[in-house]
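Labels for the chains are A, B, C, D, E and F, by order of writing; each one numbers its residues from 1.
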């Protein structure tokens, strides 16, 4: 994931002692930045060519959920297509897709793989690949319904593709843990293992109702670093915050460390007001080996950026593990 | 509904390409504009004499819900009575009324008819008439409990009064479609027909949980234009947006067109914060035959105005029908 | 309602001190008495010609709910048609009817009126008339959805038809009170008044969750005698029992007396086992002026009969009023 | 599935016109037939050697759910092991199994495959194989949680194993449809397709809440015959009945016919009383090519048998299709 | 608790290997054994004079819940008063009591103490004492609402009265553990400690939803033996079974042993049908030092007796502890 | 409670006619004012030495709830300890405490008593005392779970300690009334009486779902003045507002007056956005005999101050009583 181009970055504010801090010009993508859009949020970004490419969730004013390709030189200023991605058939006949939301993107070997929440008799994990972010090829859904937050590892583990996901139900699911599954071919999936469960209310209440994988894992000396979201059910509904976990390099179903405190929780006005207030939902992370930029959906309405130093994040996760 | 006096109006902002846009000085009525009030919202306005009259919903600081008469020369600056409307007996003995909320007003033949959500062993549709917005005469409730959002047509259809409404239950009803009913005499109601149902989640999610009639229908060449609210159930509760429907002129139980996208959804701070955030709830529309002004409750707290050109709204509804 | 033919009857068992007792050969109609039926229950009977006619609810083995005509000489042994009633258009075009259940029958002036729970975008009250129980003419639904247990009075009250009903919602409604509505023409309904509400748990728990009208009211010196059902919500679901109310003769929205104890509650094996255990659901009552026979659905599966002396029932209701 | 030994059988009762009828000596296995058991039900049977072998669900008096092997010469009188099956590792390391229930068994090529509801952070589909019903080898769970009612086809379809299942959640799931998935190796699963959804309430209410595969499909000239359960949610909880479906021979994700009426619904005392009253839950079917015997759990307490002629069942399913 | 009079007893059936077995003539008290009663169940018995006295829960036909005194020579044949107990003021002014149900009785020092579920703005624990089962003196409620199943120890523990109870809510509580509290004077209560929690579903599902103390504890060499009820939530509602626990003699907040299997679960027709099917609810136990007789409510309708040998019950509890 | 030091104060804004108004520089304590905190709110303050001491609720970034001591000279600018209070054993062995939140403080005789919501198998009322806000001694929990909002009176009533509380359940309780209990020794509690119940929706909807004691009562000529919170359940969750009650001086279980209108409801941005929007939650009140300062949690995130004149508040409460 390391590349020579510069990742988006803002120095830590002077007064701040926080491990991660927000971009001062958040949100970087506004809710109306696609004509006819209601909101643009929960989106994924990867290095591409001289700059960056991304897959963006945008709900239109009919509140139909779809994903759009976009390009940027600096990872901050984006040109997002005005038409949603039209899929071609990948490793099977075309699969139904009532809706698409919450994409993630990862590069493996020779191509970019996109996963998202795909509407097939309820939410499950859709998969597609692209070489150029122009032509996309849709493959078999990974799982039976109901599932959300499917996140691929950026390389094969012991020769098989590996995906994190959160088994779910068909509504505003009030439970959810993170599992891992493997596939020899991106078509058939198996070897399902439980990776991380919600925390006890008394230990870490921000992640006591449900959790879900966020960014594609980043390989570090300590293991796979992954930003994830955790949810607490308040008397005004769900509140989504962001933490980090470090999974074992050889066997990523094993959690080595996991933040007991959150790294980022809704506190800015663009996070506390919007279509779904009090949501921070990470979907991608960039690193140059030293620094990390996290893209997160804010209030299910816009996109924000948060920054931190890789070492500090790893240290914090180790020193504040659940 | 066309009249020679000027309706409230604000030119479309230069950068805007939207069919409808907000009044730049929203909210036009503040939450405390009646002494002892907690909020003033979801209110109805009609041309009256040289200007306008209105019936306003205001909850007092005991959060008791009631309706108040008000007058305005320009439809923007209002003098609202400090005491709620006291009803006299209309076509029957006085009906119990535990509370009154969400009024609509319409002029038919020789008088103004007010409908509202009337507390009679739960919510149902109350009816009253007035000639002068001073004396109000309460009639029989239209229906058995439980019902909300009763909206009269501004003229008789085939010799009978016609009312849209939304059958409901006695709580925060998680379902709701729009029906039409007829009456020969404003006392007995029958010939109940289903008009519009909620949309599929995948087609138009902003109106997939419940819908309800908003403004009194406006007769146009295309049929009856009605602004209505649609609701989606998020993990933080209901979100109310506004769309438009065109009902058949002869048989208004038949929907000719209906906006798949919303026309207005909560996005301004006065719509996203307040007693019930993320609510846009239209209750009245004025037109001079060319332009349209819609009054809507914002966040169950204040009143906003939105504008558009009649032809553009009709075109948009036809071209973006569900 | 008095007639010269003998009503079904079984003497009070010697040991019994109860006001009402069961027919010793219950159930009188078995669940499979119509070919292809799953259950026959909640059905209504009236004197007809030399004997009796009835309208029967039967669910078939697809568990589709429909109503069937039947005839009997003695009110106990029934010949029920094997095909459900096919309606012709009555006072309007044909109304949709997704399903029909829980019929009641009453004779007014020159014809028999049937009411039932009619599936029109959810349950509401269907109305039809017949002169001969061969040809049935379906009229306008009385109300908007959602409603159940519509029961007509057997004569006009002050020149208008009168109907009891229970406003409801679209599921296993956990609330429900009895209302009365009037109509000049069996087409338009109004003047809705609340008649009876559920009892307090501490006063009469068997009727604390919901209540609904059962048999067509019988005019007595004390007023209109009506058998109704009451429901308590146990940790194993609803339990339905039967009580009686006496409504004012002139103004039947006024309850004069109402049994605090139930008259009949599930206790026999055919009432405690079946498709919906622990249900006693009265739908019709016959009287010869001295004695009363009540038809009730048992366990949503079969039909039972219960007997009592009119005077004793009236006395009991007066002396044990809520 | 045809074999020369005689399947369990009881002639159709003289008076009966039903397509399927119960064994006169039901239940064939009692709740206490294993020492220390609370109930024995929802169990699967296949031809084995000179007679039959089976895998039985039994809950012990701690209400721990487990599966037991058993043997029978005639399919009616069973000797069931007093100890639950102890698994050895199959195609992977041992999988956790908090509980095991509702087994199915099928013979493919050279061995017997057992599937069941396996407790792994909630219910999912466990898989094991055996050659002799003595040694069992547990394989990878087929799916992520949450899933129930995994039923294998008795032969490969286009070279891949095929399994029906019902995606679910972690409680008394109030929804559920039947899906099919494929695997090249009994380890990785994919190509998930929706097969059958619940029926509309108005069409076939007994199967309007959820449905799940029951017996292993039987290959017939018409396609794959499968007995399945359907559920209706009554005001006293779920009621389970049995129907049949015929799936396309080449592409079993396509339903050719499916019974609109049920074939068997709870009506006998041993089906209407027990730990969970009003449950008929088929888990296996035997055929000699002419006749069919279905094993079903009754009231989550005991095991019953039902019989029918294959041709009559196929005809009934075709002639009464949903 | 040992006395010289003979306790109710029936020899173990020959075929039985169970630790506890039912009285062959159950139920010993029928639902109508008090005139005007709907049900008699969940009742407590103690040795008294030459025989036994008891306090009985009976719901009348208005389904009002109350408690009645009764007397018996043999503990099996009972004469129960036809009028409910009328309380006199005990250690305070008279306390409101909207309803009384599920009594327990215990003898301490010089008098009999009765506890029950008392309706005071919801359920809490009522306390009264009597010397003769004729005059009863009501004391302060032990706790704030909401609480159920208050059971006193038959002697003081370290000089203070001790009571087991189950904190609860105001409906069909889907949770519940057993706590102990102490009082110096039967008026003020404190030192609340958690004693026993529900079991994990996978360990002992019959007691995984809620548990509550049943009989007054019996002092044995092993500690305090207490029969309690456990509840599992099925898709048809709650099912109540009976287990036993042995609490530490010196510090009864410490559980020494507790049955993983149940001792008795609903299986007889009088336990599986009735007002609330599938309920076994122990409220009292007698012992002569060798044998034990347990009184339990069956199906919230009648009273049953179960028997066992004290040593066998203790051994079983120790050998099958959770 | 009167003291000579000056209480925090801001003059009534000129335009305001309200009985109580906000401090112009609210919030006085920010969410991050303790290092590592997520929020600081719902906190209690008392006069102490030359200034003030307080006990503050702060949730850290693991969203663990705990209480912290703090000191201030003017009641506005606070120095709050960075470490939570560590308790020593008070009148018993140390009690478990999974979490601590929503503290109140009161001075009685010779020491300060702190009460809070203590996590002991669910929420109940924890009690501790301190002489110096440095050493705190934890005593027995007052009640069994589940309870919240325990508020002590600042002096003994008839020789016994008195505490208001709100019996509760183990989640986002949708009900709740205020009770009073007494104790001779801060260890054993009894004589539980209901004080105030929620209001009818039609009378005062802001307090129709639940209510809870807020500040420690202030003794006035009219009786005990207490600020409390009331909750309404909107379609976006709970909304908390503040009212006042005056309890009888001699018998504080008797309510003399109680505000039908609220005194303060969420309307400022810091009250309408935050972790739990639309919450005003009073926990303490100071008075100099003439003026009153109320400390309240805002949006479960920060602390605000509100002011009023004692006489005006008393008059308003009397003149606007429910």
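Here is the rule we go by: contacts are C-beta pairs under 8 Å (C-beta built on N, C-alpha and C of every residue); 3 or more make two chains touch, one makes a residue touch a chain.
Just so we're on the same page, UniProt names per chain: A, B, C, D, E, F = Glycosidase.
All values reported here derive from a predicted model rather than from experimental measurement.
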Number of steps on the shortest touching-chain route linking chain A and chain D: 1
Interface numbering overlap (same over half, different under half) for chain B and chain F: different
Of all other chains, the one whose Cα centre sits farthest from chain C: A
Intercentroid distance (Cα basis), chain B paired with chain A, Å: 41
Distance from chain E to chain A - Cα centre to Cα centre, in angstrom: 54
Whole-Å gap between the CA centroids of chain D and chain F: 58
Set of chain F residues in contact with two or more other chains: 236-237, 273, 277-278
Each pair of chains that touches, named by its two labels: A-B, A-D, A-F, B-C, B-F, C-D, C-E, D-E, E-F
Partner chain B, residues of chain A touching it in the complex: 31, 35-36, 38, 59-65, 98-99, 119, 172, 236-238, 273-278, 300
Chain E-touching residues of chain F, taken from the complex the two chains share: 92, 120-122, 124, 140-147, 165, 167, 169-170, 173, 175, 177, 179, 181-185, 187-192, 194, 197
Complex contacts: residues of chain E adjacent to chain D: 17, 201-206, 232-237, 239, 260-262, 265-267, 269, 272-273, 277-278, 320
